[in-house]
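Some structures to go through are shown next.
Note that subunit A is present in both complexes that follow, paired respectively with subunit B and with subunit C.
Right after this comes the complex of A and B.
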């Protein structure tokens, strides 16, 4: 047996144990406490502010290590490129808006930087974690388990399995689409080419970028997301019909 | 394949009465709402909340699939996004975004429904940030993240978010789902 299998979370059985492990590992993404706890330990060796700042990348690094064996290197790198793009877009947009409209986003520069840094590493960890989480539960095994249940539960379970399959599909589409999107609209990520010194000119350029790029992204994501849905729906309708026929013949 | 082909396919799918088709569409829109909400997040320090563009899909869901679908997409999709990084806002988001989707799906003129949904979102967050959270914060410290003054500051970004969501949702509904 491959020694790495021990670290592959999607192989953990039963499924509820897998679920609990995911929640425990993802806890730092939902709450501040693990970061504060780590920073308290680190502050014995470093400046407390620096300790808090490095606790965020440490947590992200731990989550990447957790996801890597299950995803495999290629998939992991794909997800990470999409995550970096998402995180960069978020922090660049945030810092731009904070500078352009200080009366809304008022905060001292240090606090704003720490907040954005936290958000940056949060997005970097959330993206691979959530895709690993969704892809670690198989709709097929849910459908197999449902065959032993009574009709009303079976029908509800089929809807749940379909929703899971759609979520998995959206995850795949989004990670691929983000990379294509970056190729097409690189301007926000390459600031030196946008003439950011001229504030008004930049605001217009940014709003235009935002309008075109976001509309394009949203439209493309809808088309690619919905493309396989009719086939998925057909498959589940056939399964549902078969279940109903089986129930009828048993009676 | 052209986008017109997909438009036809999408329309065919929504004309199906199958419950599975509804489940698939609602799940897809909820997932897209969560992703777009996480994708562009601009923190608003005054209220510890953030500006995002996820409302586009909530309003689209309401306009396209009706109030029930709008409610589920708004409540579930946005709460999933809030769970990551902003968990204290989950109760407010679940109620406000759910209501936003529900209003967008009301059987009235689509433009009015979309604008009304945006107003509900802005007003809903104001009520939570100005009154409910400060009140809860007196008993549970976790909720003491905002004040009535801060809620006033957040009105402008929330209004921009609401208008962008209404315009984007309407534009998408016209391009992919409008049967006229």
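Right after this comes the complex of A and C.
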């Protein structure tokens, strides 16, 4: 078990080294360069088009391996189920839009398919990577470490710590809202009160309900995530100021 | 030298209490009951305003608001850091223990703590801050506590007084501890019976391995019986004993791992609906009308019924000046609670549970609300349960279920019916 600790990214110290490792591992998610580089190597063994296609799942697989030891199998599978849901929704919607409005997407079918494939594997990798990233840093230890830095870096670091905490808070908000939603609509995706509507009328009502539910979720998530920010800002600034004073008095 | 003062400010509505808290601390505290437009406007104003740091020890109107970090260990570590260079785990445990909290909660996510545990953690944090905080501003500092734990407040008060630091307490009228002007009203409610079947339900919470390890936990309710319960009834017990989890199981939002828990009304209905402690979040930041319209968008008859219940209950508060302003789209926590209750009554469940119905309401409003809801619910054949540790509710209750901790993971349930009903 202890041997596995070596691979747990959230235990890497100091925190800036952990940050750098995360950025390096996550680079393929933001730049096409690593995929092209891998496909160039693979093209020595395979057809270049196939090499490019296979480079995307390879990168995703590498990122999953990177996150797995920290997350543990259960949490990893939880994140992956959400990632698959999101990836499929994104790709199916994009594909539908592409077929409905071909004049907007001026690209040939092959290029469009490769783009969708890349999008699919990117979403599958971004989800566990970003959640591992967000939860691997503790805002209070960042604030404590920042007291030794000079002003411009301190300011930037404080903003980073706050942003991190806000992102961490999103997870709590979503699970809280899910519980509330479950109490209101036990079937989650169907309204509780359907009345005596016939089939067609029911489908119409359901689509309308679903659309409003999405809007409600977006607003509620934003509002409940933003709600504690003023208190967080105040607390982070006090902590930073206090630690700084303490640090100077020790010197 | 500072002269320490101890001031108690009482208000009749949660909104006025929040206004006072904001004025005292300079900290923006959004009133979600006023809807999303008001929230975004307030948030924008806060963003564009010049920030003033308020170096106070705080208990915010919502106890979780002053706990910005993810778990109790981090909250206490940060609060102690300016005083002790590197606070040890033992030191953190000592602070938790001092306020009656089990050290095992140190790695538990803040949001999963009960209201009472959250408040006690606020106490522990305030004690850690006592050396450097300018003053202590506490809103509703007793509300979530069982009376057996009031002495923790006295200890904290003594500590701040001994350090010559002022304390401002902001509470709602009729607070059980600070403003015990309880009304002498008689609440005559004809009891309604329903069947409650408890068959040793057990809930398991899996271990958390990331980002911080927190051991798996289970709560087993050691009770195997079928009871004819008289409504309105009270679910009561010490802080953190598992009252909210029990209500969650009854309303099927908390999954039962083994055993069973069910209700059955005389009319055959078997569902249970719950109004959460955090009524504001439960509204999804929607105003009462939009909430009711959205829930019943496909059922016109029930929508009319819910609107009717809402109007009927709200008219009971005719002298409530804030509610009179609802024509101008200003809503209060009270109107949100009424909307949530009306929505659930229109569903005609077997049982309606109100988890800490008094939170954010003055004693008078809370009692009137629960009384009127009980009358309406019984008229519809719906039983009413109040989940609370507050003694105030005993005068409403025809019976009570007391949850008692037998061990770390075991809870006993005792049923008692009151003779005078």
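Convention: the second predicted complex is superposed on the first by the 148 of 251 C-alpha atoms of A that agree within 3 Å, B and C clash if a C-alpha of one lies under 4 Å from a C-alpha of the other, contacts with A are read in each partner's own complex, and residues count from 1 in each chain.
Simple rule for what comes next: a residue touches a chain if its C-beta (ideal position, glycine included) is under 8 Å from a C-beta of that chain, and two chains touch if they have at least 3 such contacts.
In this text the structure is predicted, and so the values were computed from the model without any measurement.
Asker: Does the superposition put A:77 against subunit B (first), subunit C (second), both, or neither?
Answerer: It touches nothing on subunit B or subunit C.
Asker: Once chain A of both complexes is superposed, is A:219 in touch with subunit B (first), subunit C (second), both, or neither?
Answerer: A:219 contacts both subunit B and subunit C.
Asker: Based on the superposed arrangement, let me know which partner A:41 touches: subunit B (first), subunit C (second), both, or neither?
Answerer: In the superposed model, A:41 contacts neither subunit B nor subunit C.
Asker: Which of the two, subunit B or subunit C, is in touch with more residues of subunit A?
Answerer: Partner touching more subunit A residues in the overlay: C.
Asker: A:233 in the overlay: touching subunit B, subunit C, both, or neither? Say first, second, both or neither.
Answerer: Both partners.
Asker: Once chain A of both complexes is superposed, is A:184 in touch with subunit B (first), subunit C (second), both, or neither?
Answerer: second
Asker: Once the shared chain is lined up, is A:167 touching subunit B (first), subunit C (second), both, or neither of them?
Answerer: Touch partner of A:167: subunit B, not subunit C.
Asker: Determine, under the contact definition given at the top, whether A:93 touches first (subunit B), second (subunit C), both, or neither.
Answerer: Touch partner of A:93: subunit B, not subunit C.
Asker: Have a look at where A:30 lands relative to subunit B and subunit C in the superposition and call it first, second, both or neither.
Answerer: first
Asker: Classify the contacts of A:116 with the two partner chains as first (subunit B alone), second (subunit C alone), both, or neither.
Answerer: A:116 sits against subunit B, while subunit C stays out of touch.
Asker: Looking at subunit A, which of its residues have contacts with both subunit B and subunit C?
Answerer: Residues common to the subunit A contacts of subunit C and of subunit B are 219, 223, 226-227, 229-230, 232-233, 236-237, listed in rising order.
Asker: Which part of subunit B faces subunit A closely enough to touch in the complex?
Answerer: Result: residues 3, 6, 9-10, 12-13, 16, 18-21, 23-28, 31-32, 35-36, 38-46, 51, 53, 56-57, 83-85, 87, 153, 156-157, 168, 171-172, 175-176 of subunit B touch subunit A.
Asker: Note which residues of subunit C are touching subunit A in the complex, please.
Answerer: 27-30, 32, 36, 39, 43, 46, 51, 53-55, 60, 64-66, 68-70, 74, 77-78, 81-82, 85, 109, 111, 132, 206, 209-211, 248, 251-253, 273-274, 276, 278, 281-282, 284-286, 294-302, 347
Asker: Okay, in this complex, where on subunit A does subunit C touch?
Answerer: Touch residues, subunit A against subunit C: 10, 70-72, 74-75, 132, 135-136, 138-140, 143-144, 165, 168, 172, 175-177, 179-180, 182-184, 186, 191-195, 197, 202, 205-206, 208-209, 212-213, 216-217, 219-220, 223-224, 226-239, 241-243, 245-246, 250.
Asker: Which positions of subunit A touch subunit B when the two form their complex?
Answerer: Contacts found on subunit A: 29-31, 86, 89-90, 93-94, 97-98, 104-107, 111-112, 115-116, 119, 122-123, 126, 130, 158-159, 162-163, 166-167, 169-171, 174, 214-215, 218-219, 221-223, 225-227, 229-230, 232-233, 236-237, 240.
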